[in-house]
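Both complexes below contain chain A, partnered by chain B and then by chain C.
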Partner chain A sequence: MSFIRPTFRHPDLPTNKIGYSRQDYEGALSTLCAGCGHDSVSGAIIQACFDMAIEPHRVAKLSGIGCSSKTPAYFLNNSHGFNSVHGRMPSVATGANLANRDLMYLGISGDGDSASIGMGQFVHAIRRNLNITYILMNNGCYGLTKGQDSATADVGSVNKSGHANQFSAIDMAGLALEMGATFVARSFSGDKHQLIPLIKAAMSHPGFALIDVVSPCVTFNNNPGSTKSYDYTRDHIETTAAMDYVPYQSEITAAYDEGNSVDVALHDGSFIQLHKLSPNWNPFDRHLAMNRVFEAKVKGEVLTGLIFIDQNHPDLHAMLDTVATPLNQLEQRNLVPGAGVLEGINAGWR
Partner chain B sequence: MHKLSGLNDFVVRFANVNGTGSASANTMFAKAIFRMGIPVSPKNIFPSNIQGLPTWYEVRVNDRGYLGRRDGIDVMVSVNPQSMKKDIAAVKAGGYFLYDNTKALPNELHRDGIHYLGVPMMGLCMEQFTDPRQRQLLKNMVYVGALTALLDIEVEVIQQIIREQFKGKEKLVNPNFEALQLGMQYVQEHFEYPLDLKVERRDLVGDRILIDGNTASGLGALYAGATVAAWYPITPSTSLVQAFEKYANKLRIDPVSGKKNFAVVQMEDELAAIGVVLGASWNGARAFTATSGPGISLMGEFLGLAYFAEIPTVLIDVQRGGPSTGMPTRTQQSDILAAAYASHGDTRHVLLFPSTPKECFDFTADAFDLAERLQTPVLMMTDLELGMNDTMSEPLTWDENRQYDRGKVLSESALEEMTTRFGRYKDVDGDGIPYRTIPGAHPTKGAYFTRGTSHDEYAGYTEDATVYQASVERLLLKWETAKSIVPAPEQYQTSYQSNLGILFFGTTTQPALEAIDLLREEGIELDAMRVKAFPFTESVRHFLENHDQVFVVEQNRDAQFRSLLVNELEINPKQLTKILNYDGFPITADFISTSILERVHALKAV
Partner chain C sequence: MKATDIKDPEYFHKVVDCQYACPAHTPVPEYIRLIAAEKYTEAYMVNWESNVFPGVLGRTCDRPCEPACRRGRIEDEPVAICRLKRVAADNKGDVSAFIPKAPAQKNGKRVALIGGGPASLTVARDLAPLGYEIDLYDEQEMGGGMMRSQIPAFRLPEAVLNQEVGFILGMGITTHFKTYVSSMKTVLDKNYDAIFVGTGAPKGRDLSELEHRAAVNTQVHVGIQWLASVAFGHTTKIGKKVLVLGGGNTAMDCCRTARRLGGEDVKVVVRSPFSEMKASPWEIEDAQHEDIPFYNCHVPKSFVLENGRMKGMTFEIVSAVYDEHGRRSLKPTGEPDVFFEADDVLVAVGQENSFPWIERDLGIEFDKWELPILNKTTFQSTLPNVFFGGDAAMGPKNVITAVAQGHQAAISIDLFCVGAEVHQRPAPFTNLIHQKMGIHEWMYDSAVVDDERYKVPHADKKVALKDRKLEVELGFNLPVAFKEAQRCLNCDIQTVFTDSRCIECDACVDVCPTSCITFTEDGPEDELRTRLTAPANELSQDLYVSGILPTKRVMIKDENVCLHCGLCAERCPTAAWDMQKYLYNVTKAGAFKHA
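Take a look at the complex of A and B:
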């Protein structure tokens, strides 16, 4: 059941650059369990879109099936949404994006949705560098079907029913790097200071931007022994770099030590300012990033932050060499070669 | 010994090894006869393999314009030692066996009652040409030359085709001419020619074309304004998307930027292919995919979503032999039920059944209009026979006045003027078809949440029994609306003449029409109907109800089309007699007429 929020808006609510209040970015009331990590991610999405002054109707939000995939109903009410089928959101998003390259695409998925049933579509969307912000709400379990282990559950992680997982865990950030993802980040639903700027940066990235968000399931996988619980994550979090998302270069104010800070110019004119926590970390080096992710996995750390970015790789439209006009706006006269041409074609078949 | 005779009425079968370049020589042969104004009907019979296995190419030449396959081979052109024994056995008594006698034919391959015409195809090429690969290819032209003399084909016509074929590779024209000449000359020096089986120029082809259905479908999608094509390779549908892409690369390039007004993506599987179609259609582009049986199975879940969430979806099913991987390079009409009711829950889909390349073109274009008008999946059901064989057809035409029917889409201004709340699944017009909006249309109005879960008129999630039931019943009302806009069946009589009827669809049409003529010669008159679409219109019911017996002719084991008729129209099954061919070869007129004859005699005996 979704509940519609009252539309009354307080006249004094702060508004963003385009005159929208935060409320304009909200959705229906959530029906997820109280304390579910996914709701915090929804909150971060709302905040990011408000801060960036995105017009909600210029966003298309798509998801698969799962508690996580329900969340698009709970943010951006004025965006078109598409809750598709389990594990197949990437293909639907691919079609949507091909039809209109001018909208922003926000894909929401779960670890069951992307690491099991939808693994094929996940990796292939990455290979094509589909221009999408792909938020994977990762709780190590299947929330909606009541807590079975997912393929991202760590070996030895114990779920609510006391069962310890034996099967090797898939690291979605590591996998995405391997598949050629052009933006790979990891975060934690409980750390909105990190998550919000990452979402902004991902939405500014012209290609496939994965944010693997550890997002605990309070009902089935937040117990001691689980490696996707709030406590475990807080205790084991490691960060590549603190970061700020800076909408315009002119606004850069904070000064950081030379050599310890990296500015990443994004294509839409905004910037990411990274404050490296480790001096030999470099967000432009896929090889290093893969090593670092692997290392963290071995140590049982939850490595968060922006892990890798490559802004210069062509996206799917560039690779297909499609026109700048969205394909869904081409008119019949652009599309029909004409009766005369068809007569010529007929002649070739005689 | 008896010699077969026939003027413009015979069947030639070529027995080749695939991957040896025979296909293009064989096509030239068929095209030459076609250009002499005589109707031809070529069929490929090929294995699921790339190189080294037997393939056959069968050309029926027929003055009366019958395009179905005919039983019995009058002339066998044998260049494949592997299948020789079988090929010899397939020749009709009094028929001809043209073979390469560079090496002598083993004694056990001699059969009484047929005529052997040995031409040293390879030997002649060895003497004339030096390059081994060229020898292999030109050997094919030698047998074309032999046939030219034997069947009295106009040599200038073949030469012209050779010139066109090698346009831009002029170096190859002369060797091909020489090889052609070698074959002709050998026949002229060694046999009585032409045979009593031969061709003679006619004017029976008019402006018709010889084109494969897949190319025509691909062109249909192009003219219909498809901008997104997503697919996964599978025989026999592959060439359809490839044709779309080939023509789009020529005809859909933006004149200013040189960029593409379309996108073709080869996806990771059929689930993803249909997912792309849903996403693109949802977002307001015209999109399609093409597949065959196994792909239809994989697309089931998404087809249910498209049906329930009401997303226009165009899917072309080029059917092949099933079940499972089945006979991937043989033809069947065996996905009928899987397509009609694809997906779980109560679902049903609009199907179109083209029977000629022209209809492949027209119905593909219609599929886009229907899918957008009805906001539902439309599956065009063609098959390997139509899709992959050059078929004589009326030329493709496009009416310049035709306007795409984009269906009920609310524009930005329509939304702006709206005073009531937009309800995505609200039946405003009473025809079961709601209005939709395209993402990005309007800043504050028109957004909705598309879902495969049960929803109310505003696309909100609901578990309310009444609301759910009303929503699935509205889909039935939409189904009724569909009946009034899908292509109506073709009737072959102005009023019913007989208490017996014959009903067919798709590629069964040509042989069925011929069978009707054959049966008339036997004194059996049949009323005929060709169904072009599902849901069935009232006229289909009328036809069935007004005949004591209707022969339902189809190419599958389980009489799937008949089941659909019985189920949808609640017709007494006893009234519908199954005429079924499911060996993977195109059904023939002889098979249909003999089967019907037997049944009619049995009926009379009762």
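Take a look at the complex of A and C:
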């Protein structure tokens, strides 16, 4: 009996511009159910970090409790990690971000962790525009406790026991828009073509970036009648726009029809190219985006892709006017500058 | 691309690289698993069924399987397949009960085998149990052919050879040893139903054109004849200074034998550069280990005489030059010729077929190289009841090729004797069996070990050089054999994909350690190969392509570096991937009548 991942990799695997191969971004072998959508999201994170040539030690991955929150063990083995209390990942991430603004923060949560027990934490992190990529693996059920309906289960969605959900569903993307999130996207674990560029864009975004990923629970919520199954999602998927991520300092090679495409310059010099734009939608208009999300919900569509982006809203550090040096690197003489400085400050108030 | 048809027996056969590369298609992973399970007798019989001489081949095979081994594509060294075969042979129990017996009631057909080497013995092994009466003719005093006369005892102990030749001769073969067949006509006149010629390539090339060659006959010997003379005990000594000419395996056997017969200063002198020598790398290594230097790019020029005796030889120094087609020619460098002293010279510069005993008016036609004109599948000559096999058929190759050809010739002879169409070849036996036992449990050891190839221990050099019959290689001990066996990737446990079950969750793509799997839009093969998860540049390895899936994509698996670890099947929620053991066996003579 064995379940061991071999150490051999493809001998011709490419390396990225800092000399790492995809293997350097892997984690431990997943212990989630075979076919879990979350594993695909882990795979997409690995690919995105490899493509962007991120140094793994520059990333902090944080999570709460749940199947989704186990996944940080399955990617970026060489990054910092914190597996927090249920629903409390946003406050731990806020503290970590304030202490060291130089790291890239990757928050991993699920619909139970963020839409129920941690909903208060989730919305306040958004309000503050905490600089974090927040990936919400959304399967509409509590997989870790055998599949009870979660707060994101749609009305009428049938779970594995045959029971149809009666309670109104929380739309996490809609909620994030309402709370003032500066980057809102939705995707599907079974569509890496879309998910990988979204993760790259989110990681390049200076502020709170939510990706609500429909990630089917293959064991408890992949049955006919479920609105979060592989089949249902594929049958009802709509996109706001097709999307390419163009990294910093690379040439934009693909040209699309003017009028039906938008280039979004990101803060770090990279670009998002959006094309085949959906009607009634504009990535910079929160109002239109909210309408489009609401409309999709009414029609029973799974609206994916980039939904809204605001590059210019200040993040938490800017709003608090903190120093550019991470707090954890400030020395005693900066933090306690001495009686003379105090005298000077006091004198200034007199 | 067209969806892969896994019902084609050749598709999965090709994935088992070692077995595919083996001329006899021995099911290698199957017997390696048996060795790991300490079932040496069973492992031996899997071999014996297929290659007839596991003990001999486990020591002397040319090992076409090893360069093909998938392990060699993911790390430095392939599995030591050949030496594991020897483990099975050395540790087997009593196999006599498993060796087929000839029936008491014969089928009334008589077959003559000319030559007693591996090809003929294979024909005997296949036909005797079917009731054929078999007469075997050979000029030597015992069976085995070149395995006895050309392979030195320090590489192949006589006892091993005798046992495996004995298994076959014990099937009631009528042997006519010390009988040189000097006329094919006389054999034809004996009215056999079929005649098989397995006389090998008995003629060693000489350097007759060199100056003074005729004058130095007592000191210059043709390699294969000299080796035979040593093997049968007629030659027991050689001079202190010996030159061995040639860079093939015969030259390696000559130089190492010379070291054991009193040669102190033995040099191998080769025309070609070192990197292009024909000898197997391990045989070159073994020769070097016995302090034998190699002089490459030296072309023999003349024998040097002094007082009527040979004093040595001169050589011209050349370098290899290649034209635009990569064809090599040896151009003199202009450096002064080199002189080497020598008491004896062994000439091992190639061997040839020779059929002076086959009259050319019998209907057996020969081509311009004096090789018989044969059908390459049936090994039937232009005289329908005469078949050829082994080195005699298509020129010098090796034992395992001779065995493979012997099996095929036996099928032809059987078909011919029952009056069936010889071109109607029997299909291979194949079998595909589900391996799942439970969660994380398979019927094979799916874990891939990291161990590097284990070295086979050798006998102490000082002792070995004193005794030409002392086997140099000692073989793996059982704990090491187990570890080496575990290096096998079980390439016969196939990843079988069922389109209709796939929900395209990507779990297999994410977990595959060697990035073999891609789900993408279909396209032509050469274009598809450019957009897979990992580079797919090994064109000899197939892409396994599914039918069109619900998202209009196809599953593509590059077979090249698949570790057969089963993780795709472990992580597949719907059993669209399954691990199934593929057994492929070449069908032997006799299938036709029983079918």
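Assume the second predicted complex is superposed on the first by the 318 of 350 C-alpha atoms of A that agree within 3 Å, B and C clash if a C-alpha of one lies under 4 Å from a C-alpha of the other, contacts with A are read in each partner's own complex, and residues count from 1 in each chain.
One rule holds for everything that comes next: a contact is a pair of C-beta atoms (placed from the backbone, for glycine too) under 8 Å apart; a residue touches a chain by one contact, two chains touch by 3 or more.
For clarity, every value in this text was computed on a predicted model and none was experimentally measured.
**Student:** Return the chain, chain B or chain C, that is in touch with more residues of chain A.
**Tutor:** Ranking chain B and chain C by residues of chain A touched puts B first.
**Student:** Regarding the shared-chain residue A:D231, is it in contact with chain B (first), chain C (second), both, or neither?
**Tutor:** second
**Student:** Touch test for A:N328: chain B only (first), chain C only (second), both, or neither?
**Tutor:** After superposing on A, A:N328 lies in contact with chain B but is clear of chain C.
**Student:** Which partner chains sit in contact with A:E343 here, chain B, chain C, both or neither? Use first/second/both/neither.
**Tutor:** first
**Student:** Can A:S42 be said to touch chain B (first), chain C (second), both, or neither?
**Tutor:** The second partner, chain C, only.
**Student:** Can you pull the chain A residues that chain B and chain C both touch?
**Tutor:** 1-2, 4
**Student:** Under the definition above, what is the set of chain B residues touching chain A in their complex?
**Tutor:** Going through chain B, the ones touching chain A are 34-35, 207-211, 215, 219, 222-223, 225, 227-228, 230, 247, 251-252, 254, 257, 259-265, 267-269, 271-285, 287, 301-302, 305, 395-400, 403-404, 437-444, 446-453, 460-463.
**Student:** Please name which positions on chain A make contact with chain C in the complex.
**Tutor:** 1-14, 22, 29-30, 33-37, 39-40, 42-43, 189-190, 192, 216, 218-219, 222, 230-231, 234
**Student:** In the complex, go through chain A and note every residue touching chain B.
**Tutor:** 1-2, 4, 28, 55-58, 60, 62, 72-73, 77-85, 88, 90-100, 102-103, 120-121, 124, 128, 316-317, 320-325, 327-328, 330, 332, 334-339, 341-343, 345-346, 349-350
**Student:** Could you list, by residue number, the parts of chain C that touch chain A in their complex?
**Tutor:** Spelled out, the residues of chain C in touch with chain A are 73-75, 438, 440-441, 445-448, 450, 503-507, 509-511, 513-516, 534-535, 537, 550-551, 561, 563, 565, 567, 570-574.
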